[in-house]
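Shared chain: chain A. Partners: chain B in the first complex, chain C in the second.
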Partner chain A sequence: MSNSFLYRDGSSALHRLDPGIKLCLLAWVVCSLFVFPWQVLLVADAVLLAWSWSVQLGRFISLRLLVMAGPFALALLWIHGTLLPAADRQSFPVLSWHLNYSPTGIGYALVIASRFITLLCASLLFVVTTHPLALLRSLEEMGVPASLSYLLTSPLLLIEQFSRRSHSIRDSQQTRGMNIQGSWLTRLKSLPSLFVPLVTLALSDTGERARVLEARGFRSLTRQRHEPSAEARRRGAWRKTILAVAVLQVVIKLCL
Partner chain B sequence: MPLIDVQHLTFAYRDQDVLSDVCLTLQAGEHLAILGGNSCGKTTLGHWLAGRLTRALNTSSSGTLYFDGRPWDQYSSIERAQAVQFVGQLPEQQITGLAYSVEEEIAFGVRNLGLPEPQVRQRVDHVLQACGLQDLAQVNPFNLSGGELQRLSIAAAMAMQPRLLILDEPGSNLDPASRRRLVDSLQQLQADTTLILLDVSVELAVHLARRLTVLEQGQLYHYQDVDALLKSAQSRRSLIANPAADVSLLLRDAEIVADDSRLPLTADALVQELKEASHA
Partner chain C sequence: MRLTTHTLTLMGVAVTINIVAALINKWFRLPIYLDCIGTLLVAVLQGPLAGAITGLVTNLLLGIMANPISAVFAPVSMVIGLSAGSLAWIGGFSRWWLALLSGCLISVALMIVAVPINIYMFGGVSGSGSDFFLAWLLHGGKSLYASVSVTVFSSNVVDKTLTALLVWLLIERLPLRIEAQYPFLRHSRRLTP
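Now for the complex of A and B:
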């Protein structure tokens, strides 16, 4: 297996873990967002990031986390901490200027930001260490219909092709004189002419790809005729346990 | 019973006639080339033969098509996957997108047949070698060139070991060396595998097909062999792009060389024929 747009090849514990179990762990993380305080979530993020650096995934994940979550977290802190009206406003001297902020607003922003960062961090770890084909096989083992499995995994599989196609459309339009550089207004004007062919070509590809999948026996029942092995049954038990823990902690949180 | 039995098939896309009263029977193991110019309906006929146009919107206006005695719509998905593989003209549309290496792409369909892993491995290794893809086995299919993708899509279809393999212009993206390799690998097909080659030129057909037909204006014209095909006015108009054959035909028309020998298809063969004619 080789690297792709998101997936990174490796032999870490997470790479080796069954994708179905990882998916259940991701579901557990989603449930935990509403159970644990933001301090715990940020500590968990730090642990996950440290682990990712230890298996040579740190740079890849940190960069994406920074680009995707950084602006969002800063905007939350700014809007909830300083802009929105609050009763507990305090003044904090910054050089010759006073920053008016709300501790409640900042606390609220930290809760939302920590949840978002944790979700993003866990999702990135999942897609970076999970080969889409392995995920497809695992979903199949879990009894998910082939067409639904494909629907779930195809964004991961086809994102690279989509990206390449958009580059080739951009290049061919540039060679025919379209100006897609310059001011943001120029780039905005050229967006429909990039987007429309990209979508129409993607739709045309979809029909042909469906035929190819059909021809390669994608919906074949043969794959599901096998009796589950002892290993598959053990994986199934782990998945159920993780999901049960996830649901239980939410129930306990709601009852308390 | 013939493997493919097409009787009086007529088909049109809305008001545009594509196939008109097409009749064709093909026994298991036969190699047939269907030749014709661009937009003559080869791909449409290929889709019909592969059972791809069986939905309500694409019903034929008349005629029947049976594969091994049954119409395609009576075949299940898995039966059809084992029976026929169609490799289209655009190689980037022929990959499943479900694999990140050439090896996985080929193995995907074979695993879906429920074969044991050693057998899957054996088939994958065989087609990797047959199609010259060993060095690319671990490469992401999205990183392959057009010609390499073409070879991959053919390899993935061959690995399914279908009873009928339909190739639509398989040499269009290939360099001469890859074409020769393609010919070699297709000549290694199992004896009972039926091959239908859809192409615009006779180049691959002369090596691969034992029966030749030309599709023109929706109708199939059958020829006994390459000579008969190349000598016919029907094919000379649209198919001959082979300078050696072209010159040779002119020489025959002018009665400079006799019309009873095989038509030379290469410059060397043409020179040889001219030498023989001058000696005579």
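Now for the complex of A and C:
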């Protein structure tokens, strides 16, 4: 299952930090995107990237950033800097040709690109250092209902099973003549021969799965009430403080 | 709509189908996403609310598993589920041509939500090949809002109509013992007594 995730094993401070606190920190970063100027965001990105290199995650995160944010930033500069109409258009000689650009458009592109890179950098650090199941356990500690926990957890546990099943359906259908190598029309016509058995099997399992859960008293279970440990209380206080800072900085920004 | 255990398990399975569909799409090498087939299926089987929750959970999980930007577009997936369920309720999946029409209407609904998110968060740019089409429209004098709307609609309409058609085909071929478990399906298919 770990192949489906971006999560990478490690023992860094961010790996050890409570997933709920990391989620709140991510929410704080999202709020900060609209508060701080693009120069501050880019410096923060540089710091985050430098830290990721120090804990052997730098190569993975930098490559992802390059692939996802590189074309995005270039397209932004091209479209907002040179294509959109602007009053402050200027001409810049490049060899025997003149590049028309708008400083306002370039400035706007830099704002959006820095927000995108920061969002991507922070969220990549979050997903790379947080195992989804650890995050779900933390959400449960934060009081997320059992039904929502099930909804978030069950796909994580089913993905491998469904991948194996779709592989075996594909192989059997190919022996029966399903063509996934022909023209696009042939491939399109072959789609139902894979999806129909996959979905029908999945729906058959659903009834059985629900009956097993009902038999175990899934819906009748009440949440266990017990005094939270000192550690859990401390984590809760940190989460509330981070969220309060995030909200406060947005309020200050709106008031100024 | 009451969120029964059966609905919960169905939604969990549908989210998995959404995620695995991306893998299947790689085998077929088709220029479509197929990432909302489970959402549409739940919407047709259980109604708009279940469809919306399925879409939301899919994007949140993709956000923590594969691509963090997916989480930003979670409201778009919710709208896909909501609109598909509402269309199913008025019989939008009862005939193949109605399913095609529903696919187009779902694309319009998702465009209404996706365009403001795309422009506000990402300046209307996606960093993919569709940016060339966007640039061509802008060069032709269209406004940013109109150009992004056309780009989002055109890059989704084929995918959503094909997905809607596939869902229609799936519910047409459902065995009797399964169809009886989903009363909402009567809006899309005459249930066998």
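In the analysis below, the second predicted complex is superposed on the first by the 172 of 256 C-alpha atoms of A that agree within 3 Å, B and C clash if a C-alpha of one lies under 4 Å from a C-alpha of the other, contacts with A are read in each partner's own complex, and residues count from 1 in each chain.
Heads up, the rule we're going with is that contacts are C-beta pairs under 8 Å (C-beta built on N, C-alpha and C of every residue); 3 or more make two chains touch, one makes a residue touch a chain.
Nothing here was measured: the structure is a model prediction, and the numbers come from that model.
*Asks:* Where does A:N100 make contact in the superposed view: on chain B (first), on chain C (second), on both, or on neither?
*Replies:* After superposition on chain A, A:N100 lies in contact with neither partner.
*Asks:* Regarding the shared-chain residue A:P192, is it in contact with chain B (first), chain C (second), both, or neither?
*Replies:* second
*Asks:* A:E214 contacts which: chain B (first), chain C (second), both, neither?
*Replies:* It touches chain B and chain C both.
*Asks:* Pick one for A:D205: touches chain B only (first), chain C only (second), both, or neither.
*Replies:* Both partners, chain B and chain C.
*Asks:* For A:F116, using the defined touch cut-off, is the partner it touches chain B, chain C, both, or neither? Pick first, second, both or neither.
*Replies:* The answer is second: A:F116 touches chain C but not chain B.
*Asks:* Of the two partner chains, chain B (first) and chain C (second), which one does A:L124 touch, if any: first, second, both, or neither?
*Replies:* second
*Asks:* Check whether A:L76 is in contact with chain B, with chain C, with both or with neither, and answer first, second, both or neither.
*Replies:* In the superposition, A:L76 touches chain C alone.
*Asks:* Check the residue A:L151 against both partner chains and state whether it touches chain B (first), chain C (second), both, or neither.
*Replies:* second
*Asks:* May I ask you to decide whether A:Q56 touches chain B, chain C, both, or neither, giving the answer as first, second, both or neither?
*Replies:* Neither partner.
*Asks:* When both complexes are superposed, which of chain B and chain C contacts more residues belonging to chain A?
*Replies:* Residues of chain A touched, chain B against chain C: more for C.
*Asks:* Residues on chain A in contact with chain B in one complex and with chain C in the other?
*Replies:* Touching chain B in the first complex and chain C in the second, residues 4, 132, 150, 154, 158, 205, 209, 213-214, 218-219 of chain A appear in both lists.
*Asks:* Under the touch definition given earlier, write down the residues of chain C that touch chain A in their complex.
*Replies:* Where chain C meets chain A, its residues are 3-6, 8-13, 15-17, 19-20, 23-24, 27-31, 37, 41, 53, 57, 60-61, 63-69, 71-72, 121-128, 131, 134-135, 138-139, 144, 162, 166, 169-170, 173-175, 178, 181.
*Asks:* List the residues on chain A that touch chain C in their complex, please.
*Replies:* These residues of chain A touch chain C: 4-6, 68-76, 78-80, 83-84, 108-109, 112, 115-116, 119-120, 123-124, 126-127, 130, 132, 135, 147, 150-152, 154-156, 158-159, 162-163, 166, 170, 180, 184, 187-188, 190-192, 194-196, 198-200, 202-207, 209-210, 213-214, 218-219.
*Asks:* Given the complex with chain A, which residues does chain B contribute to the contact?
*Replies:* So the residues of chain B touching chain A come out as 52, 77-78, 80-82, 84-86, 88, 90, 92-101, 104, 108-109, 111-114, 138-140, 142, 156-157, 160.
*Asks:* Within the complex, which stretch of chain A touches chain B?
*Replies:* Per the stated touch rule, the residues are 1-4, 7, 131-133, 136, 150, 153-154, 157-158, 160-161, 164, 205, 208-209, 211-223, 225-226.
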